[in-house]
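Chain lettering (A, B and C) follows the sequence in which the chains are written, and residue indices restart at 1 in each chain.
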């Protein structure tokens, strides 16, 4: 099937304004008759729930944490982009759009990216009005910094806590609506199924994580703002609770999963220390503004203390390979270069999986105090985890899975192919193409939540009769029964391996075969091995306790079971995409100098997969990508 | 760097089936723990052994495991988050302990935080306090340009100091009175410092402090245990500022 | 919510009444120090001077002190009971980082001080405990007048080890109560920040120490025979 993104036509500068005008409006007095479900209350979900509640809709919001303030958006450190051009350094909406399209290796929709760039400015204003304490200069003006991959200073930030501050801003707006009664918040609930009635999304089944009860909620529209899926690699920078479950349940009910192979591996994470490790910690890539990345030139120097290696014996490989961007080269490029250095046996630290990030030159140039003022909290964090002082010896960093550009397929209105199912933020695939630029995730989450969905959902709602389906519809009972059966199955297997053991096993396969560099062989292997792990999981997993209580093993079992299915899809998508672009690198497709080689003739499309059953191959649908404003070009950062 | 010495520890952990169960301490042994294990990874290892032995694993809240989400909440040897300066449990590493140590692990204890299970407590009361006024009543859209109102750097910085609160509730857990003054004071101060928050300052401080009392939090006795417990090092000066705001509000 | 039922409101009332009593304690000490002879006629002259104030002033002053004591005690007990309920179950291991013995025992130092004040009033103000040495009954000449012998009463009292011990002990309790109470006043009123607070804490302890030394000197010097009645 050829998918239609329903993008507005005509000049791109007018596209969003024209589309907003063309959208039908819901009569203000009718809004309260519509129920909207919002699953996930991170940046996108909280912003959307608050804005929709304020408009007058009845919103039911759900999160698995004990409070909407804990969503993993909170962990974003670096900043948020906007085309304000406050520093007058040549920025504009068009340039932000250009950078985002190019950064995404020409695999995103132009119209969506234009809209994102356009509303980026509103986001800053909105957050300031909420009391988000952005960094300011002494005169009181908003401060900007430049951030990975951009040559203008367009990143707004609040220390190394930008995600936290923006999330708390959205959380405060949400809290205001909860108090006003327009939003009902359901915490410690995990969505375990999407209820589709006659082909239309009409509700969800959730598990109350405290009592274990399964609950049904019906609505006129269901929004998923459930984040990304890189915990499929087991070790990632995501929170432990992040999963593909909500999205995967929707996919199993017919929603297409787009570009799952576009995963971002973040270059500046703290390397793994041992087998027992449960997660990887990211340090803001703003560190790369002042840190120089290097590995020893000679293998025999690898074991030496960094101070013992003379400058001439160090390979500042990013500066060497990308003279104009140097240490600020985009994430996918920096990550892959680190892997190449380590694969060549030049890595440092435990297992040779690390490269140095050295601040000695900056400290000499600017003083240790300046560095401390800029990155103090990151150095502190590094020392807590590694027990090493980053001011005295170079930090060790290594790439780690960080962000999913892929997600459920949505049209320009953020609606999936299932009518009534909307997908926001990281959970959808829409704007980052094959690679996301730094400080753009927060921008997208808030853009979707504050400034896109409040308009586009109205265009859908006017077409449906409010309250047409209620939770006593048989589909809801069937959904609850299905979920109950699955949970009982987990509890009854009583095998010999824990859920975590399976997750770790899957993660290793994903990281080694479907990680930073993928090949036909590695993917073939993954597609063979993942179903084997899955089969063993369903025969040999051990989940104790009952379903009628707080049971963290049962929660994890469900998430890992979904990863075991989804991981295979990710590998299949990577296998089918015979090109290298952004976060997807196929070793067969590279230029002689090792750079990614895109294949625009054959792959300039969104690959959206339709689930056909566990033992059947998924079906690929394509949405062709057209580039009319930004011209296709080889993405070069040399 | 890769130190192969391992530790064996005795854990005395609070186990409580549900809110109605009286609960009791149970003793476990953690073996093969290295100094690079985080505290939660140490508990993960204990739990893996418990699961395979057919016993109920220890249930605890955690999520981001990088010290920012505020989900983890354990009192270790009487100190919320283990007592290391500016550190959450999830960032606490086992190098702070010695082979053979006995470690007491308890949930947050406060009237306003009923225990849900084992080390998990219900912190909805903190959300209730925010809902009472921890926001500016701006609409989505229709706000002035970000630079329309200037905020000098020192003010923005002080507001950020207050805004760093991760809402974990350690201040309440550390307070002998189970008071939420530092949590509430941080939010009141952040918004009182910023011009955007000033318009509603009077109602905010009154409503938020009233919500605090209604949720069952105790009163402040100026012990400053909250500041010591806070993994973000939030200063008690924000309690003083809230007190000032509260007094100002009486005359407004 | 009413000011007098709010958490901060009640603390403010306690802070203000407490601080007013600290001021009284300072003035009281200055007056008492006349026993060392800096005022012509010593403490007897000081007593005469106080009692020569118009009756409404004396009664008003005493009433005001009584009200402050009552407010301070009332809210002190109320808030303490509430606070005990704030954490119904204690931790198995007690670990305090910043709380002090003084801050944790304000209610008990407060109760002891109340008992002492009652004793002190019965002893020196109402003069019913040791009627033989009561100043009102033992008049002595001063500037051609017969006046109550306060000095004799005080000296007779403090020559008794038991009485001196009670007074000295009470001043230790006062020191503890004020070492937390004075700095607490500034915090509760919102007059402290991260820079001033360490100084305020030191200042509070210093004032408490000066009051302690000042007050305790009187029974000690008398008991030791340095100051003679």
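Before moving on, here are some points about what is shown:
Convention: a residue touches a chain if its C-beta (ideal position, glycine included) is under 8 Å from a C-beta of that chain, and two chains touch if they have at least 3 such contacts.
If you're wondering where the values come from, they're calculated on a predicted model, not measured in any experiment.
A summary of chain positions shows that the Cα centroid lying nearest the centre of all protein Cα atoms is that of chain B. In terms of C-beta pairs in contact, A-B outnumbers the other of B-C and A-B. In this assembly, the C-alpha centroid of chain A lies 64 Å from the C-alpha centroid of chain C.
Averaged C-alpha coordinates give centres for chain B and chain C that are 39 Å from one another.
Remark: chain A and chain B have CA centroids separated by 26 Å (rounded to whole angstrom). Against chain C, the residues of chain B that register as touching in their complex are 12, 25, 75, 77-79, 83, 104, 106, 109-112, 174-179, 181, 206, 209-210, 212-213, 216-225, 227-229, 235-237, 239-247, 250. Those residues of chain C that touch chain B in the complex are listed here as 1, 3, 6-12, 79, 82-100, 103-104, 106, 180, 183-184, 186-194, 197.
Per the touch definition, chain B reaches chain A in the complex via residues 1-2, 17-18, 34-38, 40-41, 44-45, 48, 51-52, 54-57, 59, 61-71, 86-87, 91, 93, 95, 116-117, 120, 122-124, 126-127, 130-132, 134-141, 143-147, 149-154, 156-157, 159-160, 163-164, 166-167, 190-191, 194, 196-197. Residues 47, 50-51, 54, 65-72, 74-75, 84, 86, 122, 124-142, 156, 158-159, 161, 164-165, 168, 171-173, 175-176, 178-179, 185, 187, 210, 237, 239-241, 273-274, 276-279, 281-282, 349-350, 380-381, 384-385, 387, 450-451, 454, 496, 498, 500-501, 542, 544-545, 549-550, 552-553 of chain A touch chain B in their complex.
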